[in-house]
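Okay, so subunit A shows up in both of these, paired with subunit B first and subunit C after.
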Partner chain A sequence: MTAPPARPRSLHTRTILVLAMRNLSRQARRTMLTAAVMVLGGALLIFSFAIGDGSHENWIDSGIRTSSGHVTVEQPQFRVSRKLEDRLTSAQRGEAERALAMPDIAPLVVAVSSRLRIGGLASSAAGARPAQILAVDPVAEARFSTLDDQVVEGRYLEPDDRLAAFIGVGLASSLELRIGSRLVVQAQDTENEIAAQLLRVVGIFRNGVPEVDQTVVHIPLQVAGEWLGSDEDVTNVGVVLQGSEAVGPVTRHLETTLAEPITRGEVRVMGWREANPALAAAIAIDDFGNYLVFGILFLIIAFGIVNAVLMSVLHRHREFGVLQALGLTPGQTGAIVLVEGLTLTAVSGFVGVSLGLVATWYFLGDGLDMSALVGEDMTFSGVVIDPVIVPLFRAVRIAQVVTFIVAIGAVASIYPALRAARIDIAEAMKFER
Partner chain B sequence: MTESNIPAVRTEGVWKIFQQEAEEVQAVRDVSVTIERGEFTALAGPSGSGKTTLLNLIGGLTPPTRGRVWVAGQEVSEMSNQALAQLRLEQVGFIFQAYNLLPVLTAMENAEFPMLLQGLAAEERATRVRELFARTGMAGLEDRRPGKLSGGQQQRVAVVRAVASRPALVLADEPTANLDSASSEALLDVMAELNRDLGVTFVFATHDARVMGRARRLVQMVDGRIDSDETRA
Partner chain C sequence: MVRFDTAHGHRLIALCTLGCLAVWTTASAQPDPREIVERIDRLMRGDSSRGVATMQVVTEHWERQMTMEMWSLGTDYSLVRLRAPAKDAGTATLMAEDDIWNYLPKVDRSIKIPSSMMGGAWMGSHFTNDDLVQESQLIDLYEVEVAFDGERDGESVWELRLTPKPEAAVVWGHIEFLVGQDDDLPRWARYYDEDGELARTMEYSEVSEFGGRLVPAVMNMQPADKPGERTTIRYEELEFDIDVEQSFFSLRTLQSGR
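Up next is the complex of A and B:
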């Protein structure tokens, strides 16, 4: 016999690929069915991740705008003491504001509002109620807060307002206040004396979070400075960012720029997770729930693939027997099945992820209106849930989903591939009469 | 021993016992046989006498329960899966009782598959297959898939597949079972010619008197044993 020429390995590889592709197309219906499951799964995953992330971003935005921002700069004791004495001096405030205006991070910053938050008492002829008094720069705060968009009567504070107050519907009804009504606020001043200030209601808002509507009172910072003797000092510099993903870089930037006062223990920089632990926990719990659902979805997809690939293998014993009788090794035979499974997952995964992205992109503009499910005024831990969810597009999610789909494909194909490799050739080739 | 003295096939006290629930089936019992290079041997015997099992043992498709098997001087019963695959690829052509074509490949692709794995050039493969197809009445059916071929046509493709790569040894299990006499004769002509011109060794398991008539050596099996073994001049 003439010795056959040396066989390049690529030849077998190509043969394996051709056989795998032919098998997929021969079993078109099964292939399509499996692919459909994966496509649906992939699309669903991408889309629901985007919706989940989008609604969380929404919660964060809503939560931080009624509190201290994505990032807050404050005196370290203030969060616990809530006392006026634990405030930032106007010099420290200026330093923080300048740091935020630096060109390398300015593009990440949407709004900066330096404010003085004081606990006090609001009273009218009708009675007295505890109040969260927030003394603000009206222009800066209007960009920071959502309250100025939630006016139900009157208007938000304006730059040359004197002795003006912007209050919630709850407080307005308990104290029987209307636009133009007089209101007295009392709090401890910088000398630890109780000081009172007369204000006039210029606007009433309705936020939806009962606690906010009952207690929050916005007044001009200048008025507070004179009333309490705190001048230009503030209790925190709140920062709203482009998105929660900017919290890391901005926090690091501030910590470097304000390193000196921080080491002296005069200033502290905090992200929203630290400042709003309840909100962070709520998101973590919701995320866990989502992951659980995704996990189950993954299992269903994996089961579908294992089933499809395995069924096809069980019906093809004879074929694998032939291949091995003709000179393919068990490994090469298994490789055919593996290539089939991986191709199926790769292609349908790609289509699925693309579909998911298209769906995400479609709802990117107007969002997905869930008001039928959520109801109008859902709130928790200081967050108003917006029933219109705008999906959030995050590259890391695509990577996660793709990785997972490929992993499923690999795992789901390994067992069938082993079955194909380990068949009993003589048994597989048996002649059935 | 020079290479030409090495027999194509040798078995020594080989047994194959299948465990069927409680009872055991002795499909091949203590068979010692030597088949020299260039033989044209028929393996006859009643149904269930162990012909297919013996061919499977020789081709390394099933391991012996006891005993040893050599093909071209290499001990099949000791080989790794890789070495066995290599041996089958380079030396052995199989024709199965149930033709066993690959359903996703056309008649042409099936027939040239072993040559493809051996790395033969496309023109060479096509030339060999076309010639054999023409001689066996398969011309014009090259592009059909097995599902669209009759039993006899599939069998002819299987035979062409086994011989086109010109292996040293062809193990053929009932290669003519589903063929009319003209087709059988055509296939036997092709095989006899390969045997004469290239020295390809053929071992047939068969019930077909035509095949037995052409064989130079006739081995009869009964109940897993060799009952008679005669070589004609």
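Up next is the complex of A and C:
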């Protein structure tokens, strides 16, 4: 009796694959149920991430447009001191503006606005209120800010305006101002003297954030230059980009171009996370909450998979006994179960991600209108939230979700595979069907 | 309420001496209105002074009275210290050049006041920052004309109408001053908004002699839209050209609680 020739290893692998596939197809109902959980989970995860990222992008956009932009170039001390003396000279301002106009970076830039921001006092015959005075170039600022779209009366500043002020509804009502009313602003000028300036209200806006509506006053930069003796100087050059993902490259580009004044400590380039720490923190908190919810969701899905695969293993006790009696090693038996689990996970994960992408794509154009749920004016962390959320599609999220699904599939299949590998053949064969 | 008050105590003294003329020799039949206002302005810029005044603030919801002592030197230096009520006694404000400091005795701390905090009512009163910080002279900001010259209520008076110059940084539509021709002191000032509606009235009364000058001892500010409210300042002591050094207006004096 000659020993049978050793079967090639590939045959083992093939056998394992065939057996695994056959097991999956033979128990179609069980397979479908398990797959359904995974598909739904994957789709939900992709869609929720896109909505979450989309709303964060929305927060960032409205947050940075009412403050200093995605990226801001300013004097290092200005953020703390808020003083006019910590301003950028016209030369530094010009350098930053030229750097942003360079062809390799210009396509990422949506708007650049150089402005002078000072705290002061706004007064009328009806009283006085503290004000945040923002001296701007009307054309550049109209592209930068959202306030010019929120006019309720009058108009936004125009290039030929002199002595014009664009104010919020809150300030207008507390100082009893109308279009054409006298408004006097006072602030410390470059000589540290308190200087007053007469303005006429040309437009009134409603932003929705009470602090903005009550304190922000836009005036032409030229008027501020004469009033405060600051000429063409500004306190920051704000940049709005195509999206928050462009912040890194643009910041690096600016830091390279402005390396000289930066090393002298005269200029600082900041991304919005640094410039708006409260907004960055709000987004981080929201992201953490999302991860927590998704973590719990997937833990439940993982238990579902473990349960389905484990039940199928216990159910097929005798079958595995027969396989091992026919010569399969415990390792190979375990491998069958593992392959079953991984195949199921991979296929349903793929279907789920695709489904999620389709849902995301569907809402990509018009966005998801949440106004019925949150109302027209929702503010959060000093930012007005647009109730229409346009989902944001990010490749890194797909990679995250796929990795997550595969990892959970693998982990959830290991225990059943171990159970299958460790069965006692004699015990298993005893069972009758 | 006392925390973010502006300094400029000298302005308060100046407001009182508004229109108070020590010398009024040339009794001309055709008064130059600019000259009248200029004299008012000049007196607003006294060299040095010291005074004690009580301020009574009446609003719809509360009423309070405080007594303060103040020193001033030129337009750049002033110190105001509360003497009463007891719970606020010692609270002081120092203005030295462009810095304003507040001293709170309860916590023994001096706080520097940013210029943007100077807004709003002065010590919760109906005096606004404008009344206290106005750096420019009336004559530079307003066109002046005599609206009335003659007898009114048995007294010879001028009624002056001050209209802001085109780009003057003032909030008022116009101001009316009633000045007595005998003593050259203001009787009242009415502040109007641009629609010609009365915004507030300042009344000067009880002309008394302080430090050799005739001064209205009582000033009463009344907002037009809140009839029940007013702020009344009454001078109890007032002396001019006192012996005070620039070094007096220091943080050390502020904290000494003297």
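Basically, the second predicted complex is superposed on the first by the 424 of 433 C-alpha atoms of A that agree within 3 Å, B and C clash if a C-alpha of one lies under 4 Å from a C-alpha of the other, contacts with A are read in each partner's own complex, and residues count from 1 in each chain.
Assume contacts are C-beta pairs under 8 Å (C-beta built on N, C-alpha and C of every residue); 3 or more make two chains touch, one makes a residue touch a chain.
Quick caveat: nothing in here was measured; it's all calculated off a predicted structure.
Novice: Subunit B versus subunit C on the shared subunit A, clash or fit?
Specialist: Fit - subunit B and subunit C, as placed by superposing on subunit A, sit side by side.
Novice: On subunit A, which partner's contacts cover more residues, subunit B's or subunit C's?
Specialist: Of subunit B and subunit C, B contacts more residues of subunit A.
Novice: I'd like to know which partner A:K430 touches here: subunit B for first, subunit C for second, both or neither.
Specialist: A:K430 sits against subunit B, while subunit C stays out of touch.
Novice: Report for A:Q188: first if it touches subunit B alone, second if subunit C alone, otherwise both or neither.
Specialist: second
Novice: Quick check on the superposed pair: does A:P130 touch subunit B, subunit C, both, or neither? Answer first, second, both or neither.
Specialist: second
Novice: After the superposition, pull out the minimum Cα separation from subunit B to subunit C in whole angstrom, please.
Specialist: Superposed model gives a least subunit B-subunit C C-alpha distance of 82 Å.
Novice: Would you mind writing out the residues of subunit A in touch with subunit C in their complex?
Specialist: Interface residues on subunit A, with respect to subunit C: 119-121, 123-131, 163, 176, 181-184, 186-188, 192-194, 196-198.
Novice: Enumerate the contact residues on subunit B facing subunit A in the complex.
Specialist: It comes out as residues 52-53, 56, 59, 61-62, 81-82, 85-86, 88-91, 94, 96-98, 100-105, 113-114, 116-120, 161, 166-168, 173-174, 198-199.
Novice: How about subunit C: which of its residues touch subunit A in the complex?
Specialist: Touch list, subunit C to subunit A: 98, 114-120, 128-130, 133, 135-136, 164, 167-173, 191-194, 199.
Novice: Where on subunit A does subunit B make contact in their complex?
Specialist: The contact residues of subunit A facing subunit B are 1-2, 4-8, 11-12, 15, 19, 22-23, 26, 318-319, 321-332, 424-426, 429-432.
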